[in-house]
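Read from first to last, the chains carry the letters A, B and C; within each, the first residue is number 1.
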Amino acid sequence: MNDKLRIKKLYALSSENRKFSFSLPLKNKIRIGKRDYVVQLRADEKFGAYILWKNRKYPIEIVRSRQNKYEILFNDISYTFTVETPFSLQRMKVLNSKRGKAEQEYIRAPMPGKIIDVLVREGSPVLKGEPVLILEAMKMQNEILSPANGIVKSVTARPNANVMKDDLLVEIKVE
Amino acid sequence: MKLGMNISGKSYKAFLERQEALKKQYSRKQAEKQHSKGKLTAIERISLLFDAGSFEEIDTFVTPANQPVEFGKVERTYGDGVVVGHGKINGRLVFAYAQDFTIMGGSLGFIHARKIAKIQEMALKMGSPVIGMMDSGGARIQEGVASLAGYASIFHNCISSSGIIPQIAVIMGPCAGGAVYSPALMDFTFMVNHTSYMFVTGPSVVKEVLNEDVSFDQLGGAEVHAQKSGVAQMIYDDEENTILALKKFLSYLPSNNVENPPVVADDGSTPDVNEKLRDIVPDDPNKPYDVKDVIHLVVDRNSFFETAELFAPSLVTGFARLKGKTIGIVANQPKVLAGVLDIDSSTKGARFIRFCDAFNIPILTFEDVPGFLPGVDQEHRGIIRHGAKLLFAYSEATVPRITVILRKAYGGAFIVMNSKSLGGDFSFAWPTAEIAVMGPDGAVAILYRKELAESKNPAEMKKELVKKYRDKIANPFIADELGYIDEVIDPAVTRKKILSAFAALSNKWVKVPARKHGNMPL
Amino acid sequence: MKIKKILIANRGEIAIRIMKTARLMKIRSVAIRTAVEPGAMYLSYADEIYDDSENVSEIPVFLNIEKLISITLEIKANAVHPGYGFLSENAYFAQKCLDNRIIFIGPSPDALYKMGNKTIARELALKNGIPMATGSQGNISNEEEAIATAEKIGYPVIIKAASGGGGRGMRIVRKSEEIERNFITASKEAEKAFNDPSVFIEKYIENPKHIEFQILGDTKGNIIHLGERECSIQRKHQKLLEEAPSCALDNSLRKKMGAIAVRIAKTVDYFSAGTVEFLLDSDRNFYFMEMNTRIQVEHPVTEVITGIDLIEQQIRIANGEELTIKQEDVKLKGWAIECRINAENVQAGFAPDPGKIENLSMPSGPEIRIDTGIQAGSSIVSAYDSMIAKIIVSGKDRKEAIKNCKLALDKVWIKGTKTTLPFFRMLVRNQKFHDGTFTTSFIEKDLEKFYYNSEYEEMLAAWLATKLFVEENLEENSIQIDFEDGKVMSPWLLNKRVNQF
């Protein structure tokens, strides 16, 4: 029987498609230019978990993780990465070349709040940047804008409804 | 094993020649056919799943059955398009089969089916789990009815083993027509997004018969089955992560229905008392929260493995660990549809509970349910029947069952969610719990209908009555005093209470009535 | 001192601020405990606490005029300090205090009324030759009038609420197609926020700087200004960072604008602390916008460079004392910058991120002043605002102040909610901010990224994600599973299980 599929390198892919590669076994050192700098994951009573790098402490928190997808709060900024193997990266390329651009856009609540006004209906045409509904949160009214040109496929949001973050509000068929 | 050239003699020569032929069959060019689609080969999947060097293949060199009637070509290849065998996954014996799409499209012929059946029978004899990795174009048309009979024997074995050994299907390519019943009969189904699909009738026939245009992905892709049909419980974006997740999943399950689930070393990093639990349920009973926040603080750190995450999200199911021991979790999710029970969530919960019951996995229920989803759609599609499934599953389960009522517990839904009267072992409630026949608004509207109609300021009166109802009736202390729950607890000590409750239940045994099987509503 | 005991009709950092000065002046202060935050930090600064935590009414006690008056009388306080927000600019409340012989630490009800209504304020300014942006003569009553007025003024125009500010009921309209819709939305928002749907329309001045002057006046008619504050760093009309002084003003412009600010205050015989807001365009023309008749959130930067305690001055003025500071005594020394750290998610468009602050650590030093109402364990509640702390940093000049600010921000650590810290860390490193050439459109137009992360931070986060993946999936003994344990069970159980089938 063939040997286990040995993975020699891993890639962390950010939500903006930036790729960071690390060879395995994973070392506690990162190479910048010609020098190797030590990076350590530590925990401290008051700070909680932090990364020690070039003599500075960066507080970290693992917000969410699912299999190979990680949402990390690093020094007060949140990043989402998926960790890919060379094969899964290649697979992504193969699938993306076949698929083309998104057919649907889903508008989700960016924060918890109350729907004040729904400005579109099923079948309404929308332009990118056009407001589709008004969401009230923390006493401020926020316009939620359409991310693309298209036609409204379905409207889940109802006026006066309370929504939570990421709740699906409107589905748009992209044109 | 390489035997040197010193050894002469025909027997070894033939042996070595066959090895060479096999190597040629599984050449890199062959693998490219899968890789170019972003898929792994059957052998690669097996080696990713099993511990290094532990897999022993069986029936490697079988060849396809002779065709009764000459129609279409059949390649003379080894293995007949499926790799079967046994090995160790994280040190435990597991049997598996992986269909090979590169050989005759992974189509199921008589010998192919017999290999799979062999593995299933062996697994049943040894009391070990079975994993099926599907990647097949379907029945081998050239072999006619023999391949259909092949499917039938596989299904029959699935059923014979059901509830005795865990069976998990991993759909890694096409799985269509009759073939879909195999995963449907197994306990859990994993699917790989975008490169796998399942349907009974394919798009081309749908187009022919109904003139409906639909793609493979739209008809039966992973997302469809994870979100809409509930056929797949776990989906991942690539094959490697699907298999890695499967390995993690297996670590929660026992090998058979007589053993207890395996225990994992607990690093002790989860505190038994955690004040953050007090802050999760909002003061306003109409404000939602995420019940997974509660789950994560109560179970061992990072141990919650959610199943069917995208299907019926108003009910959360999954496995977790308490001090290293596996438990099953069923929880209403207030942030989706206010946590109501409907047809899909009842079915999802019922299946999960029955699996836990079959395999000695204790069940922990977190309750915050305002009732069943009202509406003509639900009623006409049989919420009565489907809701009854959840009731039946809970009541029938003889594994230790504990409930923690977090907030709402009204009416029929309160009874259904593992109440003590259904045989629940321990019921705890948080001080924020509201246990009553119905919610305050409904109760007040009915009991004080006359007074409200005659009142000068009905809105004010209603507000006062609702407050009174909450204070006097819909609070957990009454249920506590009457013995319908065991204790109202400080949310901060939930984990501690659950741990000692499960410890007390570790030897629980209930005699089941002597019958062939009940008649559960379906 | 007539004022013996003050009821603090507010909460959070400003309540603490007032109580600190009151203590120095040996005046007793009373704070109110509410059901929403019964363990709040401001309560520990009070000499007495009035417990209102039984009250579960929708209206916060700080907006309940009758209740506040009755509490003041009950606790036998003879003065009320309203802080900022809530009832601080409510003429009716001020009048009620006077009617009940309670000293209202703020301006007169008349000044509050006149300056509180933007339309009246504009009329007064017009009558007194104060430079202003052209606008509608009164409130706009309907869509037709809105369209006509806007046409007359000429686009772009801005619709503003007559009874309030803070960005609510405010809409910029650039095209005639949009005036109707925006008029309706602005009115609705104004009604919701200030109970008054009245709006007026003004010419919108593109890319101005927002410069405001701190005013102090006494009941004897003396009014002085304490220099300006630069408040152009705003997002949706909410100030984020303020400085004193402004690098856009030289001494002569300061003198000119200061004199106009004083003149505006004089039109209503203003006393107590107040702020006159101007828009300054790129040609050094300035236009009166409005007057805020209260102590403002950003008052610390003025205090730092003038050395004057504004709260103390407010109390003295309310006490009837004459101002001891003359205009020529006011010297601006050094530079101060204030960063408002809020519980908001910068990466999600500054969306509020309420929650519990588990722990926080603030820098300290002679150049650092922290005004906060939050301590470890405090909750950011959606009923109130999302402010965590104000970080005020000074230096001998602007360059040093920015440098000190950068160092201070890097030392701040807050755990529990997302905060606007990454935004300020970016701002202090931004070239345009350093140049001082930014205007009120800075955030909308001149910023590509709203937060700062050094070039290695993303890479380190990526390394962390990879490390977690390796630990959970690839390491040989990632899970120590004991399969044997499951096979061992008590004879009681094993016997039953095996015999059941």
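By our rule, contacts are C-beta pairs under 8 Å (C-beta built on N, C-alpha and C of every residue); 3 or more make two chains touch, one makes a residue touch a chain.
Just so you know, these numbers come straight off a predicted model, no measurement behind them.
K.L.:
What's the chain with its C-alpha centre farthest out from chain C?
P.N.:
B
K.L.:
If I average the Cα coordinates per chain and compare with the overall Cα mean, which chain comes out closest?
P.N.:
Answer for the innermost chain: A.
K.L.:
In whole angstrom, what separates the CA-based centres of chain A and chain C?
P.N.:
Inter-chain centre distance comes to 31 Å.
K.L.:
Could you state the distance in Å from the CA-based centre of chain B to that of chain C?
P.N.:
So the centre of chain B lies 51 Å away from the centre of chain C.
K.L.:
How far is the middle of chain A from the middle of chain B, if each middle is the mean of its Cα atoms, in Å?
P.N.:
26
K.L.:
Would you give the residues of chain B that are in contact with at least 2 other chains, written as numbers and ranges?
P.N.:
244, 302
K.L.:
If you look at chain C, which of its residues touch at least two other chains?
P.N.:
Each of 473 in chain C touches at least two other chains.
K.L.:
Enumerate the residues of chain A that touch no fewer than two other chains.
P.N.:
7, 65, 68
K.L.:
If you look only at chain B, which of its residues touch chain A in the complex?
P.N.:
35-40, 43-44, 46-48, 52-53, 55-57, 194-195, 236-241, 244-245, 286-288, 290, 302, 335
K.L.:
Once bound in the complex, which stretches of chain C touch chain B?
P.N.:
Listed in rising order, the residues of chain C that touch chain B are 356, 379, 472-473, 479-483, 485-487, 489-490, 492-494, 496-498, 500.
K.L.:
Sort out for me which residues of chain C touch chain A in the complex.
P.N.:
167-168, 185, 189, 193, 236, 345-349, 351-352, 354, 359, 361, 382, 386, 413-415, 418-419, 421-422, 451, 453, 456-470, 473-474
K.L.:
Touching residues of chain A toward chain C in the complex: what are they?
P.N.:
7, 10, 12, 14, 18, 20, 22, 24-26, 30, 32, 39, 41, 46-48, 51, 53, 58-62, 65, 68, 70, 72-79, 81, 83, 110-111, 134, 137-141
K.L.:
Would you tell me which residues of chain B are touching chain C in their complex?
P.N.:
Within the complex, chain B touches chain C at residues 90-92, 244, 248, 251, 254-255, 258-265, 279, 302, 360, 507, 509, 511-512.
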